[in-house]
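Below you'll find a set of structures to go through.
You will see two complexes here that share chain A, one where it goes with chain B and one where it goes with chain C.
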Partner chain A sequence: MPVPHHMQFFVDPNRCIGCQACVQACTECDSHRGHSMIQLDYIDRALSPQTVPVVCMHCDTPTCAEVCPADAIKRTADGVVQTARKPRCIACNNCVLACPFGVPKMNTDMSLMMKCDMCYDRTSVGKKPMCASVCPSQALFYGTPEEIEKLRPRSRPVDTFRFGHQTITTKVKMMVPRESVLQDFDVLGALVPARDAAFDPMLAMLDVPDCAPGGTDA
Partner chain B sequence: MSRNTDEGATHTPDGRPWSEQPQWRRDFPIDLETDEYVSRRDFTSFMVLISSAFACGQLWIVGQNAWRERRGKPPLKEIARLSELPVGASTTFHYPTENETCVLVRLEERKLVAFDQACTHLSCPVIPRVSEKRFECPCHNGSFDLETGHPTAGPPRRPLARIRIDLAGDKVLANGYA
Partner chain C sequence: MAQIPTQPVDIIERFGPHRSVATHLRLDTGVVPDRAVKTHCCFCGQQCGIQLLVKEEQVVAVEPWMEFPFNQGKLCPKGVKRYLQGAHPDRLLHAYERDPSSPDGFRALGYESAIARVASEIGRIQRQHGNDAFAVLSGASLTTEKTYLMGKFARMCLHTANIDYNGRLCMVSAAAGNKKAFGIDRAANPWSDILKADVVWISGANVAECAPITTDYVWQAREHGAKVIVVDPRLTPIARTCDLFLPVKPGRDIALFNGILHLMIENSWIDREFIAHHTVGFEAVAAHVAPWTTRRTAEVTGIAERAIRQAAEWWGTAKTSFLMHARGIEHSSHGVQNVLGAINIVLASGRIGREGCGYATITGQGNGQGGREHGQKCDQLPGARDIANPEHRAHVAKVWGIAPEELPGPGVDCYEIFRRVERGEVKGLLSISFNPIVSLPDNDFIRRMLEKLEFFVVIDFFLTETARHADVVLPGSLHEEDEGTVTTTEGRVIRIRKAIESPRDARADWRIVQDIAKALGRERGFTFASPREIFDELRAASKGGIADYSGITYEKIEKTFGVFWPCPDQDHPGTPRLFEAGSWNPIAKGTGPFYFPDGKARFVVAPYTPPTEDVDAEYPLMLTTGRVVSHFLSGTQTRRIGPLIDHCPAPKIELHPQLATRLELADGDWATAETRRGTCTLQVQVVRTIRPDTIFIPYHWGGAKSANQLTISAQDPISKIPEYKACAARLRKAQGPPAYVAVLEPQQ
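== the complex of A and B ==
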């Protein structure tokens, strides 16, 4: 049974209080007991207690699956990007490096990449994901768009993200302040000042002394 | 192997339709349904291939049988003399070729048995234990009955290959497999 289309996942980092309940709940799941598929990131730990829960955003064009040489990451028709298939995953780390959101984590002990699959065992039978069911501040919310609209009138959901030249649309939505202006995020853009249409990030890396092969020793 | 439709839920990275995507992307689809889809043509060719492999295997077995029958019976061969083998003693001999070691045991005055010495488990040579009425295979503690060659303990499941023994006066002759 697929995850119903009207049920959606919303991440609202503004509301995260860093209680780690989602991490604990995820760790207790029977399908991956002892391993959390959600992580709590600190924005700038020295200056702020602000945390962000990071779940898989379930991209419409999953970069992790695009780069998988073993054809191990699959996306079901309901838009959920599943965790790596055990018999196929070769623990090459490509997905870990490629994911713009930093979601997949390599389990080196098991030679297996495991990632959030939106609790497919629960959501596919109409239940909430573990993390959303325990989040006390509802920073992780699972419900219909109408519900979130009513609950958070001052926020709006965002499902389009730009990373350099890559535009990603996702199944999971990020809640942002309603009037906020979105900023594109570009790691290479910070390194390379000039960019044009013919910009090639791989070539650009060669121009940056610190990124060039062998350049860090100089 | 893949079903190339634009119905897949996964978008293409460049936004162009699936039909315009490179072949490798269509061969290794990200959509689970498309990935698991097997076309009738692929299924049929797989079935034909596997069935032909089975058929070839059967023909090979038939051929082997025919070849074995045409080769005929192994020849009569003198392997020991009764006068040199007291009751309860055993000896080894090579039969039908020099590379196959067999073991001969004299159980009673006029009763002798002979078996291929290779254990039917992993071909270790078996050792006759006449007082215990068994052949012992030391590799994995296999055990065979001394008179019939049937396995009695350990990993072996098939009996030892038995060699027919003929007596002609003092001579002990091996006369093919029993």
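== the complex of A and C ==
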């Protein structure tokens, strides 16, 4: 049974609380028990507790498959990009290097590229993916466009991304603030630390910003 | 003498904490489980629904339980990995007794011999020193049936007044404040009311890490326009996307509530009609907050004035709202006053007892709610009855088939029990589901008191840091090895279902307790054949009390995904929302919705006082403690689950770059935190998400990594909760990693 077209995957980094329930749940998935296909990282922990979960975006024309010399990476008719076929994968790492989202991981023990297959064993039988089932803040959401529209009136889904001259459309959608205007930016430019040297979320809200130790009640 | 029998490192070698990882059946992708058991997570007070998948009598995996209404499949990482506590290499499979000649300090002994020895020591101590010389410490992770049995066991079998529980470290300030203001101790609303609130106020609750599933409720409210206000000395994940963040100085929450009420009154943002008809005491509180100008509030709380004004305006002008708080305001030597301050701004708004108008404490422990209602609290009998009240005593004595005079009077709180050990009044102790040497403040004192005991027996499934001091250890049951009920943070009574049998000599805790009663020759009242039988007696014992469970049955719970108490008869649907207009309760008897004879809620003056130990030149920093998402309480379970350890292996000291610069500390450096009680050397984490006058250490670890070496044993005079959230400390750079790093794994 294919994954029903109206059931879609949405990532809403604004909601991520960094709890790693998705990462832990991913290791419980039947097709790759013990291995998580999700990356969850702090953006800049010194500044903020903001974290971002990275799952496979399931591109319409997957770069990982395009660069695979062994034709090991298949996209199903319902748009799910699969982990490399074990008999074909030559562990060359091309896909790992080429994916603009940084998703595929090389499992060197198994000489196999592994990646999120959107819990194909679950979604193809009408269940939600493990990560989106458990996500406490629903930063990872699996459902219909109508449901997400109703649940997230402040956001809208985006499925087109530009990396340099490459434009990618994906099956997985990223939620962005409804009123926001998307900007294309140079990837190299984004490598410069984005941290505003002066901004401090804590000091901004204090009565006395220079809060020396030893302060007792006034 | 309950001295640790050998070096900790040798005990750890045998009993852990070691990390478990998925192997064999748990990694096999082709396993078809024999059954899926619908039950709940063993950890926090949210009690998420979960399915445990069983193969060959072992829990091998989890599957989300999408239909359970509270969490609808959602789980935090602890819930996902909880099953790895089963079939664990550290699991206690036999009874043990202390044996300094053994390389690991203990020798296994037969279960019956262990029970006989426990009974004989209890008998000896009570004959020599009186009944109260033997004390009982119990836990709020146990099912309600077990907590009921522990209270009955202490009072009716051991005839000791000295029983208390580790909910003393958790919800007692909220409980006492709620009783004073509302006459009842339970969340006023189901969580579904959060979704309908215009303003969600969160004080002292690291929701995203300590009650992760609640995050979705808060943010779903926000999607539909709610403003979220978060009050915390740290910018936690829930604060990151809130609408207004108030970084309160630790221990100053009442000042903020009083300052907010001051602004509400000044701007007429109060519901005069509700106040007149449904409350008493407003005038005194209004007079009390008159001097709490915004300037003074800002000076005491450390929060910018404009932020205080904005919070008051949003709260004051909201049509619907939900105020939540947790340990951040409750873990204080004036925790009850903090709670009353919060309740005052709720009552003044008039927004309670209606859809979308709510108030609740977020219960911490798995059965924090049920575990505090049915008699393991030192001053309480089942049904949230008062042990000093003659009518209440008579009711429970009748259910138990004894004369009221046979019931002991009120005992003392769990910390005071250790002070009684110091004074030589308590000589023996039974502890179940409690790890005081990690979880109680100033824990060097606790260590010395354990060493002073003549006899110490522990019932648990792992050898906790506290159990290392035991003379006898009895192998208890895991959550998934027994039937029963717990009551969630919402006040919803739910079913815990047995997935597997206890291994080897381990057995259900209630059986162990009954076996001790039998060995003491006091079997009467302790011959239950199942948790269901205990529950049925509990229903009778709670009947007519405030926490009335008499109309709740296992079948009814299963049919409706839980029943909210009070539920006074079989046809009663339960009470998801308290204090609704026209509602009846056994105290007010129809005069009003609150649990007082006149049916009215109480405003109570909440005077501000600083923390017991404020900062000074010698100890210039505020130390506050708390939790991380991947660990639970004293870590007995989560510090044995490999993937959770990998997520957060060891505690770190969190501090602001402004402070780090002063102390010449960089992220990852080793530093020693020091208070008047002790020292603790850990790595530092430098973040802009904590007040620059405050340091934070999570408390889940034991030994040299324990934050509670530093904390103060000051307690709230009413609730007796310890002041974990504020004491004076100093911090200095360490020369390098401490000695323990080379010897112990991070979780040990």
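The criterion applied here is as follows: the second predicted complex is superposed on the first by the 186 of 218 C-alpha atoms of A that agree within 3 Å, B and C clash if a C-alpha of one lies under 4 Å from a C-alpha of the other, contacts with A are read in each partner's own complex, and residues count from 1 in each chain.
What we mean here is this: contacts are C-beta pairs under 8 Å (C-beta built on N, C-alpha and C of every residue); 3 or more make two chains touch, one makes a residue touch a chain.
None of the values given here were measured: they were computed from a predicted structure.
Novice: Classify the contacts of A:Ala46 with the two partner chains as first (chain B alone), second (chain C alone), both, or neither.
Specialist: Only chain C is touched by A:Ala46; chain B is not.
Novice: Kindly classify A:Thr61 by the partners it touches after superposition: chain B alone (first), chain C alone (second), both, or neither?
Specialist: A:Thr61 sits against chain B, while chain C stays out of touch.
Novice: Touching A:Gln82, do we find chain B (first), chain C (second), both, or neither?
Specialist: first
Novice: After superposing on the shared chain, does chain C or chain B touch more chain A residues?
Specialist: C
Novice: Just to be sure I read the superposition right, which of the two partners does A:Thr169 touch: chain B = first, chain C = second, or both, or neither?
Specialist: Touch status of A:Thr169: first partner only.
Novice: Is A:Ile73 in contact with chain B, with chain C, with both, or with neither (first, second, both, neither)?
Specialist: It touches chain B, and chain C stays clear.
Novice: Could you please specify the touching residues of chain B with respect to chain A in the complex?
Specialist: 9-13, 28, 30-33, 35
Novice: Spell out the part of chain A that touches chain C in their complex, as residue ranges.
Specialist: Going through chain A, the ones touching chain C are 14-15, 17-21, 23-25, 27-28, 30-34, 45-51, 128, 130, 133-138, 151-154, 200-208, 210-218.
Novice: Where on chain A does chain B make contact in their complex?
Specialist: 60-62, 65-66, 71, 73-79, 82, 169
Novice: In the complex, go through chain C and note every residue touching chain A.
Specialist: 22, 26-29, 61-62, 64, 66, 73-77, 79-81, 208-209, 212-213, 215-216, 219-220, 223-224, 235-238, 240-241, 245-247, 296, 298-305, 307, 610, 614-617, 620-621, 629-630, 643-644, 647, 656-659, 662, 667, 685-693
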